[in-house]
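In structure tokens below, several structures.
Below are two complexes that have chain A in common, paired first with chain B and then with chain C.
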Partner chain A sequence: MKCSIASDKFRRKFAEQIEEICGERISLCYQCGKCSAGCPVAYAMDYLPSQITRFAQLGLIDKVMKSSTIWICASCQTCSVRCPRGIDLAKVMDALRILAKRKGIVPKEQIAPLFDGIFLGSIEKYGRLNELSLITKLNMASGRPFKDVSLLPIMLKKGKIKLKPQKSNPGKEVRYLMRKVEKLESK
Partner chain B sequence: MMKVAYYPGCSLHSTAREYDISFQLVCRKLGIELQEIPHWVCCGSSPAHVTSHLLSIALPCKNLILAEEMGLDTVVAPCAACFNRLKIAKQEVAEDSKLKKEVQEVLGKPSAGKIEVKHPLQVIIEDVGLKKVEEMTRRKLQGLRVASYYGCLLVRPPSVINFDDPEDPQSMDNLVSALGGEALPWAFKTECCGASFSLSETDIVFELSGEILNEALEAGAECILVACPLCQSNLDLRQKGIEKRRGKKFNLPILYFTELLGLALGMSMRQLGLSRHIVNPSKLLERKLAVT
Partner chain C sequence: MARIGVFVCHCGTNISATVDVKKVAEIAKGFPGVKFATDYRYMCSEPGQDLIQKMVKEHNLTRIVVAACSPSLHEKTFRTCTQNAGLNPYFFEMANIREQCSWVHDDREEATLKAIDIVKLATAKVGKNNPLQTTFIPVEKKVLIIGGGISGIQAAIDVAFNGFKAVIVEREPSIGGRMAMFDKTFPTLDCAACILTPKMVEVNQSDLIKLYTYSEVEEVSGYVGNFKVKIRRKARLVDENKCNGCGTCWQRCPVRLPSEFDMNLGKRKAIYVPFPQAVPNVPVIDQKHCLYINKKKCGICKKVCPFEAIDYEQEDEVIEEQFGAIIVATGFTMFDHSIYGEYGYGKYKNVTTGLHFERMLNSSGPTGGKIVRPSDGKEAKKVVFIQCVGSRDEARGMPYCSRLCCMYTAKQALLLKEHNPEAEAYVFYIDIRAAGKNYEEFVERVQDEYGATYLRGRVSKIFQRNGRLMVRGCDTLSGTQIEIDADLVVLATALIARPDAIKLAQMLHIPYDQNRLFTEAHPKLAPVETVTTGVFLTGACQSPKDIPDTVATASAASVKACGLLSHEKLPIDPQIARVDVEICSGCLACKEVCPFGAIEKEEIVDRVTQQKRWVAKVAPSLCNGCGACNTACRPGAIDLDGFTEEQIFGQIESLTADKGNER
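Let's turn to the complex of A and B:
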């Protein structure tokens, strides 16, 4: 694998950005690979979790941000529990996703970030999650309009999903709360 | 009577109604009064913590403040994801004064700090006690072979959750044993089910949940016991799809621990909402426990 590593200054800046968001210091990683060995979704990633940490240490921001790994991480925290250096890698993955979203460099083929956006849109509107609208909107946005449609009748019959969305009275409060968070974060 | 604030979370009002129903019934029987937090909002779950750190803390804090305003000192959250997010928010705000200030600015109120966050398992084991539960048992589980599945968010990260073991938890197994069931040792207690990828990356759920079902069956389980609505949904709702992919029948009912506890305390399957499951547990329970 050939790639040129970033300058010292750039590397430090990237590590600082990560630390500012999640409080974790990636420089502590000494590449033992325990995180990758225990990761239940490593088989579906293009780079292993420990490789992502190494790329991040080297300031290879593009490689990190464009990898499928950060979107395939299921936040199960197995790596965080087992890291001998005490790095909460699940939190680092969160920070990388947050940075990618901020920079607007989310790979188009990734469905998880679409799910996140639609989910948050639902609670912004209703204060609580509306499952049916989440499923239909996600299916449309990801170009899989009929995905899971065969499960709908049984879910309705078993009362697992409702046609009418549940609402929290202060739905508006959540919208206001989200605006405030956005404002504070853009400062 | 113990009185606690109740945060059901979105799932217990939709896909996991039977968890809500059975938990409430069990609490009534055990002398725990649940008071649902008025106007609670979603905790933000995974979509919040992968999008904005501040949002992922502010949303749970809003609910913690609402719970504190009820004048109660404990809030109970049955969904492992909600439980996890409420615990994390409480701890991070307590440890980070800058974050605390930001949350306060967002919510317009000082963030909650005193209220304790508990999972129902903790309440039953630590506050009620297995001895009392055992004494109240009306119907022994008669050697029902149960694989207790804890998943990720109920036990991790241990520094925040501070309950049970993160790699080999025992609380549900101890409950099963106290009720007269056979708690099976198995290796997949805390393996991930695929969690919130249920809708977005369903193939991952098929793979991960498939392995869990397979391991449970190999260990001799007749059913899997869970304490999280997302784990339940992935193992139950997706089980048919998994069977098709693997070309193997599992037919493993996925029960909430509150349902099994309710049955042991003398309640009926109908009362507990057991007909809401996709993999029908009634044949197994009729045969093993003679319940209706």
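Let's turn to the complex of A and C:
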């Protein structure tokens, strides 16, 4: 029933963590709802983007981390460009995802984190994205192996995907980026 | 026989779209006494007015009817026009065929018939109009200001700046009012005393301003230009002329009492000045608690006073003065929140109000600027502010928004954080209303920079758990019920009218609303005037106002008052009630119904019996010509100039005569 909000100190620390990762101050939010109003994927979220900000303000970390919202966010940045308080909410969502990964609270049913992992793995290996392996691995991992099979011949015919991975040399830059991502996530 | 001219206005298409104005003018030509009738696009325009004046000369007209808009809009215009045409200005009537006809109908034929009837009524009346003359009354060049808070102080300064005399009557021993109790003011965080005391000193030093502190207005009679006011100067038991405020008396007084100025958080003596910067700096003896007055013991103050200023025998004194105008600046009082049992006021010592907190913040206040728990005097680190206590609550409080609680709560949260950066501030609010210059920015700073936690929702309950004060509320934005353990709870109680506001309103003949707030003459266009000419409003007695708004209305009211005083004589509308003393039976039923207190009793010698008897007498400057007395008068002794019975019955006859024939 009752939910004691987190202590002042705890909330300040949480807000500081977010600010450290993405440079955005959630305390600026005055809950106008502009972000939620314009979010194109809000229909699929369990909480609206503005509610997530509110939970974050009150330090209700569990609610934030366990919500589908932060994973469903497509980072389209509609909210960011429209926010009257100048908060880049897409960045905040990024930060919340990072924090969730750090704490290891990633809901099992979420595909987005899987996708991110496989996507980055492909980049690391080939220097660029291999669509076929991404689709296959993702569908296998999420337990839906035949999900996109019917699309395969059409996409092959149109040259949208190749059977053989196209390699470009994953040079210094890519390795540097990968290290940075790892560092950010494991901090 | 009157020669009537009828002028029908198109008002662009406002009238002509719905009313066949040409037909109205054509038919009006056939009404009794009408010698000329025409229509014109805009009668109020200069060519329109020229047309009237030209036709008066050409057709030798003696009465004018303009069929156009509401008299409240252009009656004055056409009265002047009639006067410029060489006629008595009251030989004019306005037929309202816009607001009362074209605007409210859409059937052109019916509307035209109605317009014809309206014009007919006006022509029937105007033929019976009497020439009326504007009369004048002299003006006493002095303003009475009731209330010595920031509102009254500013008004007095502005009146004096305009070169007129002002008298402030203040109930408390010192001027300064509520503002003197505040610590800092939003949104600039100016110290309240630093910006108020120079004004208090200015008032005290001005040759044009007289201060009656510890005094109350007891009776008001008369009318604009000549108000007669009785003022009770309560016995201070200290001679204001002898005392120089040295302070020896209150230092030596043995009686310690809770200080009202410090919201009972501090102490004062039985002889005291409410606060160090008091103006005048003359103490007053609390007769209820003084040992000498009650038990004939002590008498120390009298013994130690080096100026022999203490006078136990002093008595209340009632003085009478005359004023040309009155400015009401009586301010507000705080809502009694004990009605909210769930907030535990009275039960828990650490549940206080905004004013208590304000005194605690003040470095010269009872705690020396420390925020403490009243229960044990220990520092309060976790403070919960609750807004809208008594405001926006039709069921148990006031229906209105008190307007400044959002801002002062934000300020108090900020000051709490400044006093102690480790302190936590929680604010329960419904909406944040920060509609003022730099207000929104201020609240945002408090939330973002100072980290005050704003929770959107009312508090349901304050209770005690394990010796801690628990506040249970809700945050509707996150949809969570919330419990906070608090050291101190600060209630932002509603600003309400003073309990004796009605008494003063009746004294001044000014209306008040369902919340006992004084009513302005017009909410938009006459915000500081009242319907009683010469009585003006400023500050929170009209509606809750913050300091900037209060000062603005004070200046506005003083300009209006000085405007009146700048006339040697004031004109009064001659369309007022007239008593025929031959018929008047002296029953004074008229006096009972008059909302303006314009009717007095007068003794005359009866012409026939040569005996003295009472009759009603109308004070021309007070009468607004409403006609209430007219209808209340049983013998029919009262008539209303401009709306005489002859005129009204003439109108009725003009309509019914025809209608009878039709049937």
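Quick note on the criterion: the second predicted complex is superposed on the first by the 168 of 187 C-alpha atoms of A that agree within 3 Å, B and C clash if a C-alpha of one lies under 4 Å from a C-alpha of the other, contacts with A are read in each partner's own complex, and residues count from 1 in each chain.
Convention: a residue touches a chain if its C-beta (ideal position, glycine included) is under 8 Å from a C-beta of that chain, and two chains touch if they have at least 3 such contacts.
All of these numbers come straight from a predicted model, not from anything done at the bench.
After superposition on chain A, the partners chain B and chain C are accommodated together without colliding. In the superposition on chain A, A:58 makes contact with chain C only, not with chain B.
In the superposition on chain A, A:28 makes contact with chain C only, while chain B stays out of contact range.
When the two complexes are overlaid on their common chain A, residue A:88 makes contact with chain B while staying clear of chain C.
Of the two partner chains placed by the overlay, neither chain B nor chain C lies in contact with A:163. For chain A, the partner that touches more of its residues is B, with chain B and chain C as the two candidates. Once both structures are overlaid on their shared chain A, chain B and chain C have a minimum Cα-Cα separation of 22 Å.
Annotation: chain A has no residue touching chain B in one complex and chain C in the other.
Taken together, the chain A residues at the contact with chain C in this complex read 1-5, 8, 11-12, 25, 27-28, 30-31, 51, 54-55, 57-58, 60. On chain A, the positions that touch chain B within their shared complex are 21-23, 40-41, 43-44, 72, 74-78, 80-81, 88, 93-95, 97-98, 101, 111-117, 119-120, 123, 127-129, 131, 134-135, 138, 142, 147-148, 151, 154-155, 158-162, 166, 168-171, 173-174, 177-178, 180-181, 184-185.
Those residues of chain C lying in contact with chain A across their complex are 424, 444, 447-448, 451, 453, 455-456, 472, 475, 477-484. By the touch rule above, chain B contacts chain A in their complex via residues 10, 13-15, 17, 38-42, 44-55, 58-59, 62, 96, 102, 105-107, 152-153, 156-158, 166-167, 190-192, 194-197, 199-204, 207-208, 233, 237, 275-278.
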